[in-house]
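Below are two complexes that have chain A in common, paired first with chain B and then with chain C.
Right after this comes the complex of A and B.
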């Protein structure tokens, strides 16, 4: 069943290329719109303070082996002390940021705006593709797929003898959707809002960040074993200097 | 910003005796260079595979080949001393291997259709 269908050139000109161009343009437009809408965000000082605290604790943990043991212990106690250590968060307060996030109208609006700016163009484009480009073979994908994909890829074509490689316009839309992510990351730089999965991960991690990661950092600091690696650094400096001067 | 190694990989300072230290920013910038290179090469590889008319398994072989060439070129650019630019071999060889697959397939389909199914 590997007959070679000869497809009309007009399909190339009026389906494949315009759809790709439209998706690229919509992606660029979405990037600029999201950049414009993002500037009106007032950062919450409490959350920023906690974030910086976490960064400091993490730096201490990463560079723990470069400071003498006494200094490290002093810093560790400063962070993890039970009464007034900075990382110690009583259980009751821990839930606060999350509840505050959902009840705070500003942040909820922000999340909704981001959601909309992502979902609406995709839905509109999908509806447009379905309306105009359904019911005919649009492209041939160069590798064979099993019969189970037929219903997914050939939704407008009702002939069952056509090879599964010949797909309809809807599947070209999906192929573009996933494949243009790489292109966008090249032409728009890293900070682009076109990657759904990345954005969803960011959004789901935002609510829990302050309360849980403080506890995680405290535990991390507690289990760090200090191993001072620079006890002989005078000899090492001497060796390096000798090598340089000789 | 087409990342074919023109921004240059930044070296990381690592002290000689057994302690590996990494400058995180430089490492991240190196990883970004690797990512851009792979994405760019997968797009180019897709167009090449489509124009040459590869179908089926051969096309994926072309993808693996292109990724391998990219790895070799990145290694050569790093002067074959991987450890002063990345923290392990896996980073430069394996990271992002499959990330360019979708872009590859898109441009492969595109080029193949435009050239062969006219």
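Right after this comes the complex of A and C.
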């Protein structure tokens, strides 16, 4: 049923634009607040060591073909040796990082602060949007949608005959929430605390980083076959010299 | 590693600044970004900016970074008074700062009071045991005092934690070579090759060390690495060309010509060398030819 509803331009002036401006301002405010509140994290030596170890193991895997076979084998054993190899993480220790994360007061405070700075403004803005901007059609989405989206996008509009493309203020809020990320990275530079979606993804994979990646590196190293490329280089060098001389 | 565009930009700025063309601040920022060591120029131009109150206030918050940069340059040029003044200014502004504490310790180091500097560094490290710069300074101090074994010990401890710092590995390799501990140096160079396999410098240094250790297998390995250096530098590296010739003759000597060694590459290398010498220093060409002939005869 495609009836074209004429939307008052006043809606655009008083709903869409103010909402966007408010969200940008709140984002900027959050950025500065987070900068002020950020305590300098004292990096844990164990975590740094593991991080660097992973880099080193990864380099070994990537460039293994450049060093002599003996050297490679020696290093491989050094890393993956069952008893005291660097990458070997006994099963028991694997659970530690997460437990540590919750018991360590600093880290817990840090996470709470980050969560707060993310959740509180979002909740407030959402409540504000719902209070002021519900109950009327705010915008029309340019592409057709299925009926399933009706409950999500048309919260205040109780008419079931209105096309799903006509959405309420709430959906504009969500659009802004995800869309302004790009704008923020332009204004505020690369590192800004408004990257909510990124943070959400990060939180899910937090504590397991060290032990799992160590195990992964160890498996990777076990698999690597050493194929020394240096002899081929010798022939290539001959070709290079010949070209130079000719 | 500095890229080509940055290098040309740096040259241009340097010339401009030397000829009083202005642009001193951009030059200083570029030097700071690329972490180059041009202490005399930094000192001269930095001081002209700092002593002029108008230019100083034009810098804004970057003023303090400039103070730090000039202080370090002054320490490098042994203008301790200048350095002391800069550090005093910074101290007044940032009384409890670790960066200023580090500068003070560096001042003590420059004066030569090693024990006090050592104490200062240790106390700074206590607060922040994972500060890379201070750990490195401790190594540098040990090296400057001539305490090479102490430097090795500190550097090893540093590398136990910060394994991916290739500058540190390079430093350690050079120290080992100076002490003739070639096997350890070979290990360090292998680490460097692993982290950055396409840099011919590391291949060359590794080949040198392996060649020095000697032994048939090592000589063959060294020859391969000289070849890889040649390939990575497009055949222009004189040292690698010489290396190939030497390796071939050494291998031939060891095996008394028994094996079917590939002599082509050394012939090519010798020809390339002669061509280079003809171009750059023709007076030494005869010396080169006689050397190469003697190598082949052996």
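Simple rule for what comes next: the second predicted complex is superposed on the first by the 215 of 246 C-alpha atoms of A that agree within 3 Å, B and C clash if a C-alpha of one lies under 4 Å from a C-alpha of the other, contacts with A are read in each partner's own complex, and residues count from 1 in each chain.
Convention: a contact is a pair of C-beta atoms (placed from the backbone, for glycine too) under 8 Å apart; a residue touches a chain by one contact, two chains touch by 3 or more.
Note that this is a predicted model, so its numbers are computed, not measured.
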Would you check which partner chain A:179 touches, where first means chain B only, second means chain C only, and both and neither mean what they say? first
Give one of first, second, both or neither to describe whether A:236 is in contact with chain B, with chain C, with both, or with none. both
Who does A:144 touch here: chain B (first), chain C (second), both, or neither? first
Touched partner set for A:56, first chain B, second chain C, both or neither: second
For A:245, is the partner it touches chain B (first), chain C (second), both, or none of the two (neither)? second
After lining up the shared chain so the two structures overlap, which partner does A:131 touch, if you call chain B first and chain C second: first, second, both or neither? neither
In the overlaid three-chain picture, which partner chain does A:20 touch, first (chain B) or second (chain C), both, or neither? first
Counting contacts the way the document defines them, which residues of chain A are shared by the two interfaces, the one with chain B and the one with chain C? 236, 240
As the complex stands, chain A meets chain C at residues 42-43, 45, 48-49, 52-53, 55-56, 59-60, 62-64, 66-68, 71, 75, 230-231, 233-234, 236-238, 240-245
Chain C - residues contacting chain A, complex: 128-130, 160-165, 186-187, 190-191, 193-195, 197, 221, 223-225, 227-228, 230-231, 234-236, 262, 264-265, 268-269, 271-272, 275
Quick check on the complex: what are the chain A residues that touch chain B? 5-7, 9, 12, 16, 20, 65, 139-144, 172, 175-176, 178-183, 185-187, 189-190, 229, 236, 240
The chain B residues in contact with chain A across the complex are 1-3, 16-19, 32, 35-36, 39-40, 42-43, 49-50, 54-57, 59-60, 99-100, 102-110, 112-114, 117-118
